[in-house]
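Next come the structures, one after another.
Here chain A shows up in two complexes: once beside chain B, once beside chain C.
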Partner chain A sequence: MAQLVFNGLVTGLLIALPALSLALVFSVLRFANYAIGSMLTLGAYLVYGFNVGFGLPLPLAALAGAILGAGLALLINRLVYEPLRGRSGVTLLVASIGVGIALENAVRFFAGSTTRGFDVEVARPLRLLGLRINHEQILTIAIVLAALVTIWIIFRFTRLGRAMRAVADNPDLAAVRGIPRTQVIRTTWIISSVLATLAGVLVGLDGNVDPQMGWNYILPVFTAAILGGIGNPMAAVAGAVLLGITEELATLVLAPHYRTIVAFAVMALLLLVRPSGLFGTPGVAR
Partner chain B sequence: MLEDIVSGYHGRPVLHGVSLCVPTHGSLTVVGPNGSGKSTLMKTVVGLVRPDKGRVLLEGEDITRLDAPARARRGLGHVPQEANVFRSLSVAENLRVAFDFIPARSGASYASRLEAVLDLFPEIRPKLKVAAGHLSGGQRQMVAMAAALMPEPSVLALDEPSAGLSPKNAELLFVAIRRIVEAGVTLLMIEQNTRLGLTVAAQGLVLVAGQVKAHAPARELLADGLMQSLYLGGH
Partner chain C sequence: MISYLVATLVLVAIATIAALALNLQWGLGGLVNFGLFGFYMLGAYVCGLLVVSGTPPLLAMAVAMLATAAVSAAVSLISVRLSEDYLAIVTLGFAECVRLFISYEEWLTRGTLGVPGIERPFAGWVPAAWSDGVFLAFSFACLLLSFLFLRKITRAPFGRLVRATRDDATVAEALGKNVLAVRAKVFAIGGALLGVAGSLHAFYYSYIDPTQFTTALNAYAFMAVIIAGRGSHIGVLIAGFSVILLLEGSRFLVDVIPFLDGAQLAALRLFIVGAGLIAILIYKPDGLVREYRLRSGAS
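Entry: the complex of A and B
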């Protein structure tokens, strides 16, 4: 039982980064970025390229991958989303589906469809208080928490963070207050992409690096973001952890490969009962 | 400030050749019945609606082509009628973010500007840590005005400041507006409450069906019974 809760916590934290990334883009740009899964896959492959291709140690490869990924995210913003500025959230959502498919196929084109793994040493799991803990799990917890704290500090205490929250809250008023929307949107894409790349690395460590890895996360990521209230980035994290634990506990009564059903069920139930999320207030999504 | 403006939405003009001028350190209140184009006028001034024709000038410079953020950086402070605070941000953050992207014209520091606007609106000092969405309507209006004043704008544009306020809160707010005018900020205000609106401003302008019907010292408009009963529903 404790083991399941722990595993669920780690699973939840894995979902937390892309969920935060999704909620961030949603709150500032007002559309659900379906390409989040492919951004995760792309990030994992970029880091894989630096790690295995150029032989960089994983932390350095992750840094290089995050920078390159952010550059690509800015390029996609310039080529796809900026020309569509002012269109409805549905238009942007459809555009992001296209971006997602394009990214995944670009990955297949360059790297092929075979399953790969990062170049890291395999270590024995630790035993602590009766729990079996992998090194990857410790790494996941540490990195996700560090990322969350960093984002929280940016949101609370920096000029740019305040500007992002202001644009998310009321874009018209933000314009009147002299906040440059384009710059805020670019920053949002950079942060979103770095989070997706980090998530890609962690998911790749947890399992494998393959072109489908992001797709498998889309459903739980959306569920987590909706669970927390999609316009509220930090609540998405709570939603992710809650969902992770629920999924793991469900394996007590369901076969493990039916886990995804849980995410589906939670999402369907939530959309019926509390569309604004557990912590959201009605009317957040205008 | 406005020169022969034709403005509207989707090619359908609401304003038909409106011209008006607020002298530096002066004040002008635009009054008029509902649907007369007051809001469109305000949106054209602050850059949220592009005019089809005509020019917008700020301190002698043509700002017609500038968008709202650029106009704000040129010293045009704006308080919209609705949704004029960031509800999820605290009052202090609302004031801070208003200062972040528009440096004060005199080079004053954030702390000194904060003190200056809190002196003007002492009611919000104890509320600095509260989320702006939790404030009463009157307090929100004060926070919105304080935020607009943070970067020391040369012109303050107020869109129906008394809307949704109780008579008592409206009176309180207009006391503060009078203080702002006396401090030398050029004021352009749109107001549905004719009496309140005209008592704080030097000049008044009556807008009806997108056209200027009268432009005179506010005192004269207030005293003009015919104007009142014809266009303003006799407040």
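Entry: the complex of A and C
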């Protein structure tokens, strides 16, 4: 039982990064980014390329992958989302579907569909207070918490964070007050893509690296973001942890491969009962 | 060569029916269905399993249509309280659940082994050599009927009502229209069409397994609707028989281009679909053909 809760916590933290990324983009740019799964996959493959292709140790490879990924995200923003600025959220949503398809298949084109793994040493799990803890799980917890704290500090205490919150609240007012919207959007994409790349590495460490990996996470990620109230970045993290634990506990009664169905059931129930999210205030969600 | 052409044309007809369904749901109704392949898969499996257990093919197809229509309406009701962003993820989530359910509930669907031996309609009446030709004619008849039916309801008051709920649901509601019911109906009709497409898929391959149903169908349908110009059924037909035909036909290139294998070519094709979709959104947002009654420049 405690083991399940612990595993759920780790799964939840894993979902938290892309969910945070999704909610950030949603709050600043006002559209649901369906390419989030493909961004995760792309990040994992970039890091894989640096790790196995160039033989860099994983932390360095992750850094290089994150930088390259952020560059690509900026390029996509310039090529796709900037020309579409001012269009409706649905148009942007469909554009992001296009981006997702294109990215995933670019990965397939260059790397093929075979399953791969990062070049890391396998270590025995630790035992602590009766729990079985993998090294990957410790790494996941540490990295996710560090990332979350960093984002929280940026969001709360820096000029940039204030600018982002201002644009999220009211873009026109922010523009009138002289906040450079373009720059804020670019920064949002950089943060979002770094989070996605990190998530890709952690997911790849937890399981495998394959072109489908991001796609498998889309549903839990959206569910987590909706749980927290989409457009409310920090609450998405709480939503993710809650979802992770629910999914893990559900394996007591359901077969493990039905996790996605649990996520879907949670989302359906939530949308019917409390569509603004557990922590959202009604009416502000959109 | 002929059999290759027939195969391509059948696939184009199936994809175009799916695109027509999306055009009704998203183009006309403003409801983004990102889980097309799930409803399509559901239609294929309901039809296939019924035929294998001895139901006449046409009856099985009708049951599949009813089933997908009912399920579609139910799914659309989950997110009625909110905007399109949520409907897209709800339909996608539903599609994934369908895929998981079919992959693992082996007692019902034989799981990843697939369902073999699905008999085509009219199979007993025509000589085996003609089977493909007759089936091609049958799928084109389905496509034509779907198109005529959609055109009919689009030009009827119901079509106007659907467009009204898309453009401003609040106004439509204030005028006493039941937006909820309209949306559920739109989803049900689109679902029935996806049931037709799925049944045709099951008949054509005569064998179905979960790996056949991928998001490529989504990509094709979205591409076709965007090229067509949202809401224009004739545009979807044009897009289907130009772009989807071209893309499907590019399978042929495997023999011509030696340095790309089949999987790479498939990836390249979908990459082009994704990139093309974005390019059209940016440069030609209205598509090829304007929506019915918006043609006179009154917009």
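What we mean here is this: the second predicted complex is superposed on the first by the 284 of 286 C-alpha atoms of A that agree within 3 Å, B and C clash if a C-alpha of one lies under 4 Å from a C-alpha of the other, contacts with A are read in each partner's own complex, and residues count from 1 in each chain.
Here, contacts are C-beta pairs under 8 Å (C-beta built on N, C-alpha and C of every residue); 3 or more make two chains touch, one makes a residue touch a chain.
What you are looking at is a predicted structure, and each value in this text was computed from that prediction instead of being measured.
With chain A as the common reference for superposition, the partners chain B and chain C occupy compatible, non-clashing space.
In the superposed model, A:54 makes contact with neither chain B nor chain C.
By the touch criterion defined above, A:268 lies against chain C but remains apart from chain B after alignment on the C-alpha atoms of chain A. Using the contact criterion defined above for the overlaid structures, shared-chain residue A:165 touches chain B, although it does not reach chain C. In the superposed pair of complexes, A:178 makes contact with chain B only, with no contact to chain C.
When chain A is checked against chain B and against chain C, the one touching more of its residues turns out to be C. Superposing both complexes on chain A places the Cα centres of chain B and chain C at an angle of 100° as seen from the Cα centre of chain A, in steps of 10.
Of the two partner chains, chain C is the only one touched by A:222; chain B is not.
Across the superposed structures, the minimum distance from chain B to chain C, using CA atoms, reads 12 Å. The intersection of chain A residues touching chain B with those touching chain C, taken from the two complexes, is empty. On the chain A side of its complex with chain C, the touching residues are 31-32, 34, 79-80, 83-84, 87, 89-91, 93-95, 97-106, 108-109, 112-113, 215, 218-219, 222-223, 226, 230, 255, 257-258, 260-261, 263-264, 267-268, 271-272, 275, 285-286. The touching residues of chain A, counted against chain B in their complex, run 159, 162-163, 165-166, 168-170, 172-181. Interface residues of chain C, counted against chain A in their complex, comprise 30, 32, 34, 78-79, 81-86, 88-90, 92-94, 96-97, 100-101, 104, 215, 218-219, 222, 226, 263-264, 266-268, 270-271, 273-278, 281-282, 285.
Interface of chain B with chain A (complex): residues 46, 48, 67-69, 72-73, 78, 80, 83-89, 93, 96-98, 100-102, 147, 151.
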